[in-house]
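You will see two complexes here that share subunit A, one where it goes with subunit B and one where it goes with subunit C.
Up next, the complex of A and B:
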């Protein structure tokens, strides 16, 4: 999606503020949103002169919306967002410095996380950090150090239970170990290589938990961790304060700070992430915004957030509130705060999460040594963070574009003249008048975004600056300068995977669809209708739901497929560790989704074949195989060509399956072109231009494909009956 | 070449019996036509001979070999379907060559045989066309070609001409007759067109409700129908039926009297009392121009003129009567008038059993 489209979306939700109104955006939900509402109600009662408009923005698209709405003047005066985008916000000039509220209201550690270039860029409202949850019915005393952690976990592991559960492949959850072993991510603002000795030691620890001692399961999602804990299949869970609301009512639980890393004697240091109240340029000079800022950050508001929202709050004065002190979770959060690291907000970190996650995945399964895995991740970040294309001479391109447009127009005019379009239009004037509104609507809805998308491919963002780079993005995509064309990073590798993906899918769709169609064809088959409906069902279910179900089926420890393999005495497979198996998992999912369409098409084509042709062939001496190859295949073939062409295009762009099932693992090797384009747009610091260029290349490939098949089709259809 | 032997061949679908224990011997080189009304089981019987349907009971042998359990392809037969069943995606050449290709005939020989058949059927210039680019008659010929090229022992035809117009049908009928004369192959030909049956057959087998009503040469069936049904089915327009009562000296009805003397029936007295006279339309003449012994008074309803002949549609009491008369006689008959018809040849049927008791 281009930023233009997001602009349209944002405009649709948020009409520009009227004069004097203070607009506040947030992405809170449930208890936290409730607490904020209470604070706002209180504020409205006290300051009737200030008009406040509060907008709750869905979390998923939040940073995107801020990035696009604020420069358009359609953004808020104040907004509440996490601190991990701080530098991006500053570079894009979305936020201004924090002024008007005394800094000593807040915990100095939290305040310093918001200080950059000797300025503060927001006020901390609340913070979140990982702590250790445990079931009191399983764990007597929480472990004080990692040795104790391992010992306790070992005792409580077995029979489908795990001693210690957390989302081990996420960098956010690995951070406590990394920093506890003395590792570092940044020196000043420079990202350090990942493979430091301390980091390797933390990797060894992870490997011990998951691979050697197997007290921690791999491939765990947040929801799965919750379920294991609630069912008594996880004794200890490392998680954030949000976990509380997910714990079932009947579970006896308690919280403790994270243990000390025995090897270094230092406490495990998780990230602390902040809920920050940011001010935008619109707030400058707005008296209402200043009053609201003060009220939102006040100790009174803070207390409401702590009591109602159960948020660990940043105000110093509230820490010793009796209610807060008696709340175990808040108390432990406050204690853990002493050993935390601020969540890095350097933009390059956005590029680092993904490779880092890949490294952790490999380490946790023992697929690679920590050193090798981290080294690879470092190299990958370097590639992802490669410099943007240089500015290109605009004049030259404008000239080129003009020439193209003129040539295109001239060609179109000549064609129109030859086809006597004008005369046609005049003759059927009213008819054209009737379809004109729809035609114009279509042209706007399809044409404008298309032109925007094409145009975008020639630009690149650098902070808030948009720069014309000409064909730079295309050169960078097709040039593969920073890496070998045989690496997953390369366009050619991804292209080859995409082609392999498409071809193998279509072959299986047609093959299996044919098989089932033949099975379902005989009229004497009982329950034929029921089978038909059953076999069409996979097609009727939204494909991302199926994809998520398959993702679960392929889970290493808890998935049904590995459970079956183990039942018959085969070893469990780490499906997403190797290209072949990850690709196979994707393929299985998409074959499940795709064969019914082909089956239905083939069934229709089969029924259109007169039965006396088969009888004639039998009389002519043709056996079943010969009848299949000489009659069924050639007669079904032509009917199948359009479906195959369509199916090819769908599969080529089958985003949901690849994105949800293998997620590109291992290391992006199973990504196809569209998922790669998506990653550039939405997961790698918003390289919209690059992503648009990527999409254009995909478009060109498909255009070429359909032009070729159109020719083929024209000749084949002419031959068919 | 081969003879065909059917013994007690039966086909049932659940409770319904479609073909009811038919036994039939067909001599080598004979052309047997199966006729009968629609739904009487002609196609079913033919498809069992072809091997496309398995009989519920009974045995089929071709050329002395029991083929009951064999696939169609192993029976050395060829079949021409009513729909032709040409392979739409193959050229005429490939359609004709298909049975040879399946049997792995060498390419040189295959070409030679296809060419010969195409020449024989006048298809040589159409070999590269697809079936959809052919006329109905041409398609029919291709279907024949595909059957002939195999040089099978037996040909089976299931109403091969019913999709053609009248003129073309007549021509193709002649071609099939000629083909039979040339190939001297055994043929079973299904039709419900009694005209086709009369002109083509060495022997006609008349089926009704899954059993053989009568079989014999065409003239046999025409002259000596074994049952009232046979008399009615063979011949067009169908035979006229007139109820009569047997008297000691004549067969009587209010409209006619047939004296015993003219009938030459020996055991007159054992005949049933209630009889039906069957008189063919072409046996009836206007009495004034005829010396035929028997008379029939009818009330003329209308006269149908075909040019060469006229059909006088009339009533004799409850029975309707059709007479085929010469065109000039037709001119002289007026609708509504009463005329007297004369005839000599007739069949006499038992009214209750429908069986013929005499032909004269």
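Up next, the complex of A and C:
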């Protein structure tokens, strides 16, 4: 152990000071990250006096890291993020106003998207919008309107090929049609109902593409769109500028603006999203940060982004650069920019994406008419946008809490008197000494955050304002409000799914784990070690990797599982369209992940059984089954109890699998309680208080469960002994 | 275990194991194929094309350097090893002592103590991150490897304590009492009698601590703000972005991240197989 500790100490001491550095965070990757590195290298060469530290944060952790670190003063001076969280950033006071760079450097349309309350809140570095990519070997001329699009796509569909591919279930990709058909999302800052006639017309168009004419496949992810395009199985793809870096070198491709919607004569209008350079409070008064801001937004840096990262840039001066003008992608992006809608930054939009996506999925597979699907989505947003609980009388709650504490103390004192606890405590010095290190660590690092988390459940955030709401969050969770408890939106539905999820998982983990452990136990087995290592592998691989891989295996179009089904003559299944199959996909993933843990536990317990017990039983004439039920089971059982209890808790709270594999589909039905809590905390405008209350409810359920099992087990174990 | 079943039974066992192993290995195989294929994506898995074979993804992952010419992969591998190793050492040390006390002593707070070790795990971990962040910030342990060691050791602790207590309970208390009669101290009994007997269980808990620390991503990504302090999973997720992912690189990284853990299990499974307890408990 000592070598470890010494290394730890060295690393702790070696932590460099951060004073005077300018810190920049971003979540770019691939070409965009390369371009940024070049800009930074150039800056370092020109400004050796400014120390810059750049951190590429993994996208999956980025928003949360920004929200946590910046209020603690541990955030960056500058950071690059998209504009859809702009208002959230402002309300949480994560960003300050943009100062020091002349605004006329940038395209005024883009700059205006960053202007709120008569102030600018960042600088646009680049913009992204959807355009039409097509294979020149399959499509002669890009379609000018949606009729042509359908006709061309129809001709090129068949034989495992699709005429027109895009991620049709994502609202971001449906927006061009919605706005092209004349639909609207907002009036002033108010979210409109989704089921307008124009929106229904756009839904009918989606239904035609995917369900009636089947020229557009369903269940498409970004990776699959790329793959279909590269393999000549997709003739046209609607995608953003990032798609370019994924197109294989041997594919003859070209790009065109999105077609005009024939029915209205208006061009399809995609969203335009911005890569924004934001300043935090740390940057105020920092000369280095000002110099870096200027350099990052300069025309020279912009040119590097355009040339190396092939990013459509926001600087006016760069638009007419010969290199940029001759780049087909950038030229088309600039043309498309003329008919775009700014990506909404209204907080309520964060609640709208998921229900809207559900509606699109239902339309795609023909399960509902566009009108019914959009109507339901509107209703769901209303449920999600439930009003924050009212402020509660603090005095009343403090009094209640005090009474509880007094009652608890009185009870403890009475117990203590009766049991002569003091004498026992004095006698138990060695026991406490053994426990102290673990107890102190747990109290500090688990106990304190736990108490903070529990406390948070009684508060609610509104921007950076916090207020006490007492039991309001709990009432809102447990009350069914105005929707049915048998709907996926309701707490009770999610809870039933969670219980089903936990029970089926544990049964399979223990069953399969026990089977393998018994198979791997006998000494006559050749290659025992090899089998053991191979069967443990699922446990060794991080579960988020497994989840992503399984998601790919279950894919409708290219997944290995559907390929196998088709090979044996069965029809392919849209795994995530139905509750049962989506649940099964989650279950398969988690069983794959979870059985090795039980297997190892059981193997460990089997090792501890003295072999002469078996020999004695054999001498007494007990058969294999008798030996299993009379020796193996009773002796493995006690060692398995903690694993099963803990396994239950973990499965109950198994976030990664559900969140990555089914993503709650269909319509949030496969979500479990912990993924719901996560959505409230991080995807629905950061309602931490509500999420904490949700977590507390989860905690209470598990507490009840463990109390019950303890009671049941106590009698069972007593019998066995 | 001297009895050798009939040929048919053995053949059946081998067949079941072989089939199960193949099924279990399929996703692992999928990762491996994606890691060494030039064409990105999932369809290579079903029709691997030898002409697309490349070591580029693996090489790129390993060869990463930062602007100052420092070998980032090497540093991050070292960080991961230190963090996971440190968390394991600290976790096992704390867990064995606590579990021993819970198994062998009855004292005021005994039941409450055991219960609280389980109970704290019931609160969803995702909701603990923000409070933990504030705490680490207050302790000055943010953005440090030590902070992660401490956090990981304590998060794995409840499992380890429970696991070990369950195992210690199966070791007869007669052994302790005999040693006490012989004049041994509690510390000595713990160190010289119980620990050696519990080696299989300690191996399991060590493996568990190591795995959970080694694989953890979200806390590491939230707490650490210097790239040279990152652990490997954080680096791995560089390849998954807002607008798509580089699956070849991600698979290559996954493969590399998983290798040390597989080696560790291979080493530790001999401990598990040793069956030390079987001979000693009479």
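Convention: the second predicted complex is superposed on the first by the 495 of 721 C-alpha atoms of A that agree within 3 Å, B and C clash if a C-alpha of one lies under 4 Å from a C-alpha of the other, contacts with A are read in each partner's own complex, and residues count from 1 in each chain.
The criterion applied here is as follows: a residue touches a chain if its C-beta (ideal position, glycine included) is under 8 Å from a C-beta of that chain, and two chains touch if they have at least 3 such contacts.
Predicted model only: the values in this text are computed from it and were never measured.
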Statement: Between subunit B and subunit C, the one with more contact residues on subunit A is chain C
- request: Please indicate which partner A:61 is in contact with in the superposed arrangement: first for subunit B, second for subunit C, both, or neither.
  value: second
Contacts of A:543 with subunit B and subunit C, given as first, second, both or neither: second
- prompt: Which of the two partners, first being subunit B and second being subunit C, lies in contact with A:631: first, second, both, or neither?
  reply: first
- request: Name the contact category of A:448: first (subunit B only), second (subunit C only), both, or neither.
  value: second
- request: With the two complexes superposed on chain A, say which partner A:610 touches: subunit B (first), subunit C (second), both, or neither.
  value: both
Message: Let me test your reading of the model: by the given contact rule, A:643 touches which partner, first (subunit B), second (subunit C), both or neither?
response: second
Message: Output check: A:623 vs subunit B and subunit C. Expected answer is one of first, second, both, neither. What do you get?
response: first
Query: For subunit A, which residues belong to both interfaces, subunit B and subunit C?
result: 610, 618, 635
Subunit B to subunit A touching residues, read off their complex: 50-52, 71-74, 77-79, 81, 83, 85-89, 98-99, 102-103, 130, 132, 146, 150
Message: For a test of understanding, state which residues of subunit A touch subunit B in their complex under the given definition.
response: 610, 612-613, 615-623, 626, 630-631, 634-635, 719-721
